[in-house]
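Both complexes below contain subunit A, partnered by subunit B and then by subunit C.
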Partner chain A sequence: MFSNPLHKQKRISSRAFLNRQRKDYILALFFLLPTFYVLFKTYIFPIYQSFIWSFFKYNLMENTDTSFVGIRNYSDILQSTEFWVSMKRTIYFTGVSVFLELIFGFFCALLLNEIFKGRIIFRVIIIIPWALLTLVNGLLWKYIYQPGYGAFTQLLRFLHIIDPNSNPVWLSNSDNIINFVILSDVWKCTPFITLILLAGMQSISGNLYEAAMIDGAGFWAKIRLITIPQLLPSIIIAIVLRTMGAFKVYDILTVFTGDPTTSVSYLTFNNAFRYFYLGNASAMAWISTLFMLLLIIIYIRILKRNTE
Partner chain B sequence: MFRKRKFVCFLLLVFFLIAGCSAVPESKSIQNEETKPLNWDQSVSSLKGETITVLWTGDPQRKKSLRLFSKKTGIKVKEISVDYNSLYNKITVAALSNSSDIDVIEMDNIWGGQFYEGNIVTDLTNVIPKDYLDKFTKSSVESMSYDNHVLGIPLYSSTKHFYWNKELLRKANITSAPKTWKEFKEDSKKLKEKGIYASGWSWKQAESLVSDYVTLLYAFDGRFFDKAGKPVFNQGGGLKALQYMVDLLNKDKTVSPASLQWTESDVENAFSSGKIAMMTNWEGIYPEVNDPKKSSVVGKTDVGLIPGQGKVKSAAVTGTAGVAIAKNSKNKAAALAFLKFIGSKEFQVPYYLKAGWYPSLETAYKDSELLKADTIGKLNKIKEQYKYGVDRPNAPGYVNWSDILAAELHAALRQQKTPKEALNSAVKKIEEAIKGNS
Partner chain C sequence: MNHIKTEVHNSPNVNGTIDVKERIKKALFQPKGNNIIPPIYLWIGLCALTVFTLTPFIYLVLSSVTMKSELINGVIFTKNPTFENYINIFKGGGGSGFVKAIKNSVYVSVLTTFFSLGIGVFAAYALARIKFPFRMTSLFCILAMQLLPSISIVVPFYMMMRDGIQIKLPFTDLILYHSPPLLDTIWALILAYTTFSLPFVIWLLAGYFQTIPKELEEAAFIDGCSRFTSIIKVILPIAAPGIAATALFTFLGSWDEFMFANAFTQTYESKTLPVVIREFMGKHSIDWGFMTAGGIIASLPPLIISILLYRYIIGGMVAGSIKE
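== the complex of A and B ==
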């Protein structure tokens, strides 16, 4: 039996094609190797290492023995008042700040989506707080909250909200501090949400609004029936990105207070890099990560449902 | 689908294999054990051409002194200059990675225990002669020691001092600054009657609060730990000190309430603007307080001993920083020569003259240039306080204990807890921390 030379030709060319494809694949892998190596060393490996450490008593600066303690670090943390206080404050901070940023961001985006003179200038100005370093933002607000001569106290006195002779100390109590941190965070991060929502709004077709207007829809009806549903994917992305950012709040708190129970990240950082209780800190970081993973799963589900 | 799974499995396998080889945590090992002992009397000529790296909080005068050191010894110096807040992290990160890139580090006095037990600095107890250390102010040498181990040479002397506004005190008919905390309380009440905040304090929930508490604890003859190493600051002088602080703030109301969110720099600002009559603060507030552009109390202030109580004449928390040799350094002999230079008049005198830092070297206070530069006559008043320096416990767990204590002290000041409850709680938590880490 003789094989068809045409088929043979075809087989050879398809084999050559496969060989070339394989070569390309290997070349691509080769080019990716440095990136993979850096990512592995700086990202994947530390994550794995922290997971291992979380099962050890590993106090680096105390010249004590390192020993396997199983899940003791996790159980200690889950029984610790400090951890739950910091978790409660973090959740409160995340919830309230993201909610307020979304509300303000939405209305700012609505305003900036309108056509008016100087719109570009306003669009640029609104980015300024977002462009500030978080620490600089913290220092700025720390001065605003200074008792006596601080702008916040002066403003409240001017508006007769507080007695001219009273001198409240805004940042004395850790529970209060969270509220003031929320205020400064809302000021800084609202522009971020504004920009995301503004981009979303610009992709909504003007025809929808025209049709709604013909049907007699007013301002609020247009927002409720067109803007919000059309903007939902952008809103979800903005919420998720800000939630993840807010949950990790740390640097601004270091300016306002020395109390590490004001956020989980602050407490974890102190355990890791001030006390060097690396086992304990790793377990704490993993518990926070699980919370974050839960949020991400919820987000993916909502996004999937929304896309369908 | 199957290939994808195979690929993921392969990746996981590689990941576990590579990570598993080195992931088990180890106590920090000493990479560079001394091969030959350091010799204090070693001639610098044999070290010519060597290069050392110094990690510290830089300032222009320190930079200038590095050039002088290189010129004198032929040892080259690479400087890594960071702000104080980044210093601790830089040092610990370098040590954690077992890096030998850094030879000399700046060490705050509260880090001594951690740096010694964590194998970050070299023990110089058998290297620096005792009679050499006797030339330094008592408080500065103690600040550079941990558990009878000498860890470094003090860059400068530092304790808190007592400052007052003469004009405001005169307004309340107070002719001299208080010598005891009892007098301080009485004077504060007189100032309050005149509508003046008698004092401002750095009582933000931070290290600055613990510093002020330590000053008062020792003034009231209290102790942090007993001889067995058990925390005992919840009784005797420790309790009296906190009760005193709470009373000043909440009962007498003579303290600026903003103190609860102030650190030392905020207190200095309030003092410079004439808003408070008295304060305890670190040295170095002059010349700013006498600079008309920055202060409204030019020539109206004075400085002296922090009050004492009973048989304690005075007590002031120390804040000295020094230079130490990194344990992993490969140029220890050259680093030691650098430490020797820091302890010399050649560094100490210009450092005061140009940067305002008070010498740790006792003999420098007799230097004619130094005396000539003291135009406001504060030098000896400041120096006197160095006899009464008291240290915060600089054991390895101190950073954690300090955070615990600051939280409890703050709760007492805010009247969320009584002083007794707050200190009992702090003692309990610190005992647990000690137990958990032993």
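== the complex of A and C ==
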């Protein structure tokens, strides 16, 4: 008999390892089960249900039977001018506000990443707009845009940009309203992008800038050659998060205007909870979901191309 | 760096005035230390930033201590500031509604944070620390959920709340529990917000857990800790700042949410602050002092929390962006 004690030991430990692994699988399943259950129950199933409803005529208020209508909800929506107007405004809003927030946020982050006295105070100041309730932000800016006594009018009169006796109504039509909403959104959400970019900038090594300085690179060259390429992952995250946030704009609009065609979310919400056209609203929600997914795929493509 | 410094020292002092001019020029236009922005532009930028950020906020605060009669005449800096607007908010029937809304907001935000972290911590641990089949797929699915717009589930969610939630025994039609209709209760909101925060919570927490060195946990296993005790004794204390940041984001998100709250609440029994503030706009259409005061009270908790816990917010942002 030459049973090797060492060999035996090894066999036992590998069995223990297998045992441990099996235990780990069970534990992982056990840990994930509540999450999967909740998400299935309150996320996946509802989404599936709204997909089914989007093919039905399902009006809660009319007391008529629900009936299968095929893709009629979708074709109705795609043919309605209301939908396209709101879609155009949402895209315009999302594009312009995310672009402005990115530009301003980038320069704010650049400023706040420098070393100077009292930096923490400035960093805390920029959090204030971000911490205000979205709805209060809407209220504040609607107040600022009030004709006559609103601060916006008063400021323009003070600076002699408009005639002291003139009294323009800023929030007169929905196309104008979008521009003013963009201004208020930029005020509130630029800090968010600033914070994300600031977090990204902190991981850029100072050596890179030093090396660039020795090579005689100026400010813009440093930004173009070091900051932007190094910051790209953070920039992409900021853009994706803000695009998703801006695309579902609803809160501010309800404060500014009663016109639901100012955004797709507003229109969908109104169809669902004002008229209770649940089938139609589900279809509309699905169209914006698909649009969102398309947008994200495009972003990821761009990201991949840039990193390669 | 050194290279430049020696150059400054060696520059010949031909003329006193030129030297002073040069120095001022250097002080203004030469970035200090590792900075890349010259001081003068830095401070111009900071001033502009402060003005644009604070002016609307100060205007909000000033208006809230000004009476309606003055505001309508365009008074910005009032000579007799008053807290009457703040007092009026808490007066009468509307006042008790407002207090109830504050309570609802607190309950909804706290419970949402509690539930989503309570469930999310374990899922995040499993995804970050345990190797098992379909780990990446699960993580990816959870991340993907975060990307869908909330409007896509608001309708089916509404119907689910209207009919009450059923918990069935899996794979059978046996109903274990059927809740009463949840519309117009805070539970509808808590459930909705938990659903939406969960993917986000797991995403952030998994990122934090991955940064904890494996050796620490292995040491705990050798000491005879099980997975569960190692979570409590090793992982949670080390990841505490990350958990705090995640809790903070969840809390702020629930405090701010409006769309679901607007759809699911009908009475003061369940209305949260954003919904009540929105109603001010209808009822007190031109009493801006009143409305701004209400807005400030509603924004106070997020403002205080994010200023005091600023460090954790930044920490959360760093973790979130490192993840990708």
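Throughout what follows, the second predicted complex is superposed on the first by the 280 of 308 C-alpha atoms of A that agree within 3 Å, B and C clash if a C-alpha of one lies under 4 Å from a C-alpha of the other, contacts with A are read in each partner's own complex, and residues count from 1 in each chain.
The criterion applied here is as follows: contacts are C-beta pairs under 8 Å (C-beta built on N, C-alpha and C of every residue); 3 or more make two chains touch, one makes a residue touch a chain.
Nothing here was measured: the structure is a model prediction, and the numbers come from that model.
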Subunit B versus subunit C on the shared subunit A, clash or fit? clash
Please work out whether A:278 is in contact with subunit B alone, subunit C alone, both, or neither, and reply first, second, both or neither. both
Can A:65 be said to touch subunit B (first), subunit C (second), both, or neither? first
In this superposition, which partner touches a larger number of subunit A residues, subunit B or subunit C? C
When the two structures are overlaid on chain A, which partner does A:158 contact: first (subunit B), second (subunit C), both, or neither? neither
On the A-aligned overlay, A:171 touches which partner chain: subunit B = first, subunit C = second, or both, or neither? first
Who does A:17 touch here: subunit B (first), subunit C (second), both, or neither? neither
Is A:53 in contact with subunit B, with subunit C, with both, or with neither (first, second, both, neither)? both
Once the shared chain is lined up, is A:270 touching subunit B (first), subunit C (second), both, or neither of them? first
Figure out whether A:148 sits in contact with subunit B (first) or subunit C (second), or with both, or with neither. both
Under the stated touch criterion, which partner chain does A:257 make contact with: subunit B (first), subunit C (second), both, or neither? first
Looking at subunit B, which part out of 20-28, 74-82, 380-388 or 398-406 clashes with subunit C after superposition? 74-82
Intersection of the subunit A residues that touch subunit B with those that touch subunit C: 45, 49, 53, 146, 148, 273, 278
Contacting residues of subunit C [partner subunit A, same complex]: 1, 3-4, 32-39, 42, 45-46, 49-50, 52-54, 56-57, 59-60, 63, 71-74, 76, 119-120, 122-123, 125-127, 130-133, 135, 138, 142, 145, 147-160, 165, 191-192, 194-195, 198-199, 202, 227, 252, 255-256, 258-259, 262-263, 273-274, 277-278, 280-281, 288, 291-292, 295-296, 298-299, 302-303, 305-307, 310, 313-314, 317-318, 320-322, 324
Taking the touch rule as given, give the residues of subunit B at its contact with subunit A in the complex, in rising order. 15, 18-19, 23-28, 88-89, 92, 96, 114-115, 117-120, 204-207, 209, 256-258, 260-261, 266, 275, 396-397, 399-400, 403, 406-407, 410, 414, 437-438
Per the touch rule above, subunit A residues touching subunit C in the complex are 21, 24-25, 27-29, 31-32, 34-35, 38-39, 41-43, 45-47, 49-50, 53, 107-108, 110-111, 114-116, 122-136, 139-144, 146, 148-149, 151, 154, 187, 191, 195-196, 198-200, 202-203, 206, 209-210, 213-214, 219, 222-223, 233-234, 236-237, 240, 244, 247-248, 250-251, 254-255, 264-265, 268-269, 272-273, 278, 281-282, 285-286, 288-289, 292-293, 296
What residues on subunit A touch subunit B, complex-wise? 40, 44-45, 48-49, 52-53, 56, 58-66, 145-148, 167, 169-174, 257-261, 270, 273-279
